[in-house]
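Please find the structures below.
One chain, chain A, links the two complexes that follow: it is found with chain B in the first and with chain C in the second.
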Partner chain A sequence: MKRYLLFVLRIAVAVSLVLNTGCWSSNEIEDLSVYVGLALDVAQESKFEQGIEKQGASYPKHNMLTATVQIVPPVTGKGQKQGGTSSEQATTYINEKLTGDSLIQIFRQFALRRDRPLIGHHLKVIVVSSELAKRYSLEQIFDFVLRDNDIRPSCLVLVSHRNAFESLSTSEPGEIPAIYLAGLVKNRYRSNKIIPPVSLIKLDSRMQSGSSFLLQNVITSENEHKFSGAGIFKGSTKKWIGELNEFDLEGLSWFSFDVIGGAVKTYAHEGYTITYEPKRSNSKIIPKVQGDDISFHIKVSSEGSLMEDWSFPEIPSSEEYMRELEKLFEKQVNKQIQQVLYKMQHVYRVDVGGFNEQLRIKYPKVWNRVKEDWDETFSSIPITYEVDMNITDFGSSND
Partner chain B sequence: MSGTSNSQKDQITTSQTAVMVINYMLGAGILTLPRTMVEAAKTPDVWISILISGTIILASGWIIVKLCSRFQGQTLFQFLPEITGRAIAMLISILVISYFLAISAFEIRIMAETGFYLLEGTPSWAIVMTFMWIGLYLILGGVSCLSRLYEIILPITLVFFLIAILLSSRIFDIDHLRPVLGSGITPVLKGIKPSLLSFTGYEIMLVALAYMKNQGKANKAMIAGVTVPVVIYLITVIMVIGGLSINGLEKRTWPTLDLMRSFEVQGLIFERFESLLLVIWIMQIFSTFTVTHYAASLGWSQMFNRNFRPFVFAMLPVIYLIAMVPKDINQVFNLGDMFGNVSVYLFGGVPLILLFVSILRKKGAKPE
Partner chain C sequence: MWSILMTFIPSWKLIAQAFLLLAVPVLMILMSKVIRKSVVNTFALKPDSPSPPETEIGLANVPITGTYDSDIVTVRNAIGDQADVLIREIVISGTETRVAIVFLEGLTDSDLIDSHLITPLIHRGVPEEDRSSFHDSLSAYLTERLIPASDIKKSSDFQALVEGILFGQTGVLVEGLQEVLLIGTAKGKSRSLEEPMSEALLRGPRTGFTERISDNTGLLRRHGENGSLTLTKFQIGSRVKKILILAYMRDIADPNLVDEVTSRIQRIDIDDPIESGYIEQLIEDNVLSPFQQMQNTERPDRVIAGLLEGRVAILLDGTPFALVLPVTFSMLLQSPEDYYERWLPGSFMRLLRFLAALLALLAPALYISFISFHPGLIPTKLALSIIENRQGVPFPSFIEALIMEISIEILREAGIRLPKPIGPAMGIVGGLIIGDAAVNAGIVSPFLVIVVAVTAISSFTIPVYSAGLTLRILRFTGMFCAATLGLFGVVMFFLLICSHLVRLKSFGVPYVTPIVPYGFSDWKDLFVRVPLKIMKMRPVMFNAKDKDRRN
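The block that comes next holds the complex of A and B.
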């Protein structure tokens, strides 16, 4: 009897093993909508939403924000209504817009609209419009995104000058705008107008630290995009308060993050163009504290090459001429730094240059005393700077 | 054969003992350690706290080894009556057993909670059930089975863990760890307490030492067993703070996991490493769970001088029920803090008293 029972049990276990292969709550990837981009705008109901609301399809909500998700790959056949403008070629993405006042609720509304639910594991880029960030604090806007366990903290965050959803569309066939935007930040070695990427986790730590910060600004026109300048977010409110333009950002880059590429263009006394390409740079923000007085000194030194010289007739690249040009480039960089410092201290009255970090590291006690009202304190702190540019080579041509 | 007398063949080597201590120490704590420490200390200097608490743990470990080596071949539960008499021995034994049960349950619960990342949608009982049953099967094999499995688990976890955590160096920023001692030494001291729960584990020597082949080398095993986790915790805390900054990690529930989620590596076979970390870490949680489950069952059986096996089965539902008591994750974390506190008194204080009493009452053999 016992043996018989054991036999039956064994069979039962074996059968249950066969029946239970696979994962408990697995979802086939074909049955999911993978979204790679998310754009957040102030509420702007789409035609579809206006249409359905006329038929009474609504739920209690305030229209506070519009979320646009970029989904890849689209359902073939029916998904092209909102896709790119190229009608012949199958688009590689679709953008879906919905409006509401809770991001998670909006996301769940998609479940009423498409058979394949959204999955956030592969979100690459979040673009938030400056208009929305002006009204609400980033802490509020990003609360869901930071809590959600699907969305990875490595996701990139950008701010858009105009509507954020525009930056998720393109007229180039085969291009997925979200991936394209995420790739742009890798070009820092070509331009010092790109700030080091701000991922969700960095955004979170900056918001928690209470200091003001920058987000790369993306500008869109005719379905094409450009990184241009950066949005400034005030530490006390986490709201958008203004923008640094490209020229400011260049100035900021010299002391606030390492310059590993770019182009410094200026004009020689005779009026022709000369351009310097920085290869590497070294910068130091040196805080000084004397009694209650805080001051900063910025030291920038850079090495690079003279990559363009429009002098006519050509002037040979002599040692003397190089020294002369170095002075001109230094003057230009000084101008850039001066302008961005002016904007930070007198226009927006925020510290987005990392001065607070240096003070915190070198003088932790002083920092503890001033950190509460740092942005205000900062705007009246004297800052001096010195720039040292070195032309180490002049490319393949030497005259 | 099992139960009362520790059978001759159920013995473990010195390195197996060290591995057992390491595997017990490396548990659920590492996933939350950076946060709990930073919350308490509010400074990036918490890595110094780890070094300090590591030293403290070494000292208490030394006391435990000293105590146990007076009673060769006997576990705590067996030699306790000799020192204190039956009644007090019973009380202490029950405390120690409850502690082991609680830690066991705690690990189970943490694993069920992190399932949120790895197996979203799978009911926690389904994860926990398989976990516990396999553990049960292992424990029935006795201490040598346990330690042989741990010997397999440890190198795997260490190698993968180090690879994964060192890959995070791409988001590491040394400025997040500076200034060193910027706010003085007091916050560093505050950071010691929360790190103690993660360092619980050395107390297994109270049981394991009795099974060692070469009990003279117990100190060696203890030192190795404590040093490895200290180094691992040190690396973890430094990398997490360097990667996320103290402001960034303070609000993350699982900072170590979030560190892994904060970068992607292109070009390697894997782009994302959090699942890898979780999978190998579940092995560590498993070993902590089994070793405590084992110790608790052994405690009962030796206290009552009964067969060991029924107690293993009996403890299974008890552990599960304790694991399900906390209503939400905050309660789980609070419970964890409580165990940390209890462990300090139970395994930092009590063995010292026992050692003194046994010396005074001339109980046990003097270690050569």
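The block that comes next holds the complex of A and C.
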């Protein structure tokens, strides 16, 4: 009898050892607030904050920035969801705004406001307003975001022309703006006005390298968004200094990153619209060093098709007509490149086209000599370019 | 110097933690040893000291006297009060020798007794010219000239007579003979050969074993002309004696394996092994393991295939389930169809089964750990829909999963016993309506219903039913681990199973061969079933005598 008792006791101890650990650190997913978007603005207290501050609910802080987090999905009752009318479905997200001077403190401040704590694993998009980035260095603004363990390094970073929180709102029912913005960058194969996505990890590496860089710009009007141009960040300060517009970006795309889509529109001699759709392009930035003189030569070659021709009466797509059109498109691209180079060298005086990389790879010694003040040096370097367009087909038109 | 050294010595807290870490596995080992010992001690392979048998027919060593009257009285005293014993007394025609025919009604073939025993004795009798010599060589004359039966045994004591009669033989007691003749007239009812229920195949033979061992051995013999198939007979069971047959290929099976199985069978000590499951549990290596160490099957083709690989089969009278051993884990996931179909679909099915086994084991555990511990590992859009679905679910995911898993296990257990006509209807009520109602009532989330359903379906893809049972039990352990430590717990649980599997052996063959120990040539038949033309050799792991499959 005693033996059996001992046996049972041993089993009980073993079982209780396992069970007594309980559910360590378990947190049900529905008890958490998943935020997918984060907008960072210049301090601008919300009505709620002004209201509670009047009642004395404040803590010592300087109002430096306003963080807006986009929490999905909002809490809905079970019954509500089933008998859901369309008006209730409209709110697929909540935007929460808080102001302060430390991002982590602001985030922890949410714990006083919401029963479901924030988790950052699913953060997809961070939008920084150009106004904030003008005042503070990106290194300061993103310090917490880069340190945080939850936030994935694959999170996309955008800059907004005006207020960043505006870009996290939409008037379309059922849409989550943050996911919508993250999806827009996938359209690069349709437009060369989108720069390759800059994720947190890429941003970090660019900031570490000290070179100037671009962030995709998002413009909002009437709760609708558009990617338009890119914000320029100066490598030495990591602050926003200006913008490239869509047309500049097109020019930049020819030599700075591969064009895999888009449209080049120009006008034929009679003023009719003609449009070329690039399918692939190859570009090369060739640095040349002679003594102390650095110069660059850009070679762009592209293949694509003639996709639109308004010429009237219609001109048959003969070989020489194609060559003629190629010339026109080359002229147009040349114009685009010229304009962006002018802006880079003479308006903003920064190198965001990847010239520094090529120089560093080809002439590391020269690069070491000039890297300290590269942006300044770059602005006076002569750059030549040649463009070779190739119309390989003209769609399914068969005349 | 000393102060520098001191900085490398960890604080006492760290040392204590390290000691605890060391102590936990040591304690676990000790505990498992204690538990194993206490189980094995009461285990039939090593009997402590069997209590002496209490009942005994008091006829041991009572000789047959040859005096008809006293002998018949002895028999009547011993078994005359049994309801089904019939005693027919006749006289051999031509002589005045009295004969008593004792047999069981229902177990013996009465036609055979009439035509081959009573007819010659009464009707034909002893012809004139033999009457003088008849009495001198009574026994020989009866067996050699008078009784036209194939199976005649002689016995000289009552014990054998009574036992023989009770087992279905017909006892013939002859006046003046100090022996008794036992004629094999047993005829039990047996069912026809049917397709096995638990191991149905689309392609392959449709026969399954039956409860009668002579049918089963016949099935093995009839599979094809084969001189090396050896069937060794054992009688086991101390009270109810049963025939057990050990089948193997004489020139393929490893003799050491045959010896080991033989010795384990001989050590079986039990009153009545009702089913082959008794045999399995009495001779297996590890009683505490959740994994079976023998493969049970109703399919003769499976047994033959096993024998040809150098394995050994055990057939027991009274059950259609044969045991094939040794077995490895991968064999439990193999179906004969893998070999009957071409190798590409065969391999595909097999890989599918491995995946299904993994799902059946881990799906709910992974669900719990993702939902409760690692929301960041779920793709964002899925995470959003899960959050939406789970809003209003009052339980943590572990309780939720436990509710659903237990109810589906109940449903499954009930499904076995549901009467045929209402079975499907109840299945629909149970499965569809309970699942749907539970979701609508907000007790569980729809996502979990998918997980549970996939798990339940997956566990049925495993071709050996009892292996599916193992995974079903372990699934719950996995869920506990997931609820305690999240994905880390699941990983630890999986490692625990792996370490157990690596240690486990089935009759000397490690359970996860050919993965551990590594045997490359056996990988031909592991995840992928390579074309038959490439599988020229028998599996190395069974150490077959004849290694070439073409012989």
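Here is the rule we go by: the second predicted complex is superposed on the first by the 367 of 399 C-alpha atoms of A that agree within 3 Å, B and C clash if a C-alpha of one lies under 4 Å from a C-alpha of the other, contacts with A are read in each partner's own complex, and residues count from 1 in each chain.
As a working rule, a residue touches a chain if its C-beta (ideal position, glycine included) is under 8 Å from a C-beta of that chain, and two chains touch if they have at least 3 such contacts.
In this text the structure is predicted, and so the values were computed from the model without any measurement.
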Exercise for the section: State whether A:S25 touches chain B only (first), chain C only (second), both chains, or neither. Expected result: both
Problem - chain B versus chain C as contact partner of A:A14, first or second or both or neither - result: second
Practice task
Check the residue A:P153 against both partner chains and state whether it touches chain B (first), chain C (second), both, or neither.
Solution key: first
Practice task
Report the partner of chain A that touches more of its residues: chain B or chain C.
Solution key: C
Practice task
Would you check which partner chain A:L112 touches, where first means chain B only, second means chain C only, and both and neither mean what they say?
Solution key: neither
Handout entry: Contacts of A:L5 with chain B and chain C, given as first, second, both or neither
Key = neither
Problem - Touching partner for A:V34 - first (chain B), second (chain C), both, neither - result: second
Practice task
Mind working out whether A:N368 is in touch with chain B, chain C, both or neither, as first, second, both or neither?
Solution key: first
Exercise for the section: Quick one: classify A:S209 as touching chain B (first), chain C (second), both or neither. Expected result: first
Handout entry: Doubly contacted chain A residues - partners chain C and chain B
Key = 23-25, 152
Practice task
Name, in rising order, each residue of chain A that touches chain B in their complex.
Solution key: 23-25, 146, 149, 152-154, 199-202, 204-206, 208-209, 357, 360-362, 364-365, 368
Problem - chain C to chain A touching residues, read off their complex - result: 31, 34-35, 38, 370-373, 375-378, 380-381, 383-384, 386-388, 390-393, 396-398, 442, 480, 483-486
Practice task
Would you mind writing out the residues of chain B in touch with chain A in their complex?
Solution key: 116-117, 119-123, 126, 171, 175, 178-179, 182-183, 244-245, 247-252, 258, 261-264, 272
Practice task
Could you pull out which chain A residues touch chain C in their complex?
Solution key: 3, 7, 10-11, 14, 18, 21-30, 32, 34, 36, 72-73, 75-78, 81, 119, 121-122, 124, 150, 152, 176, 179
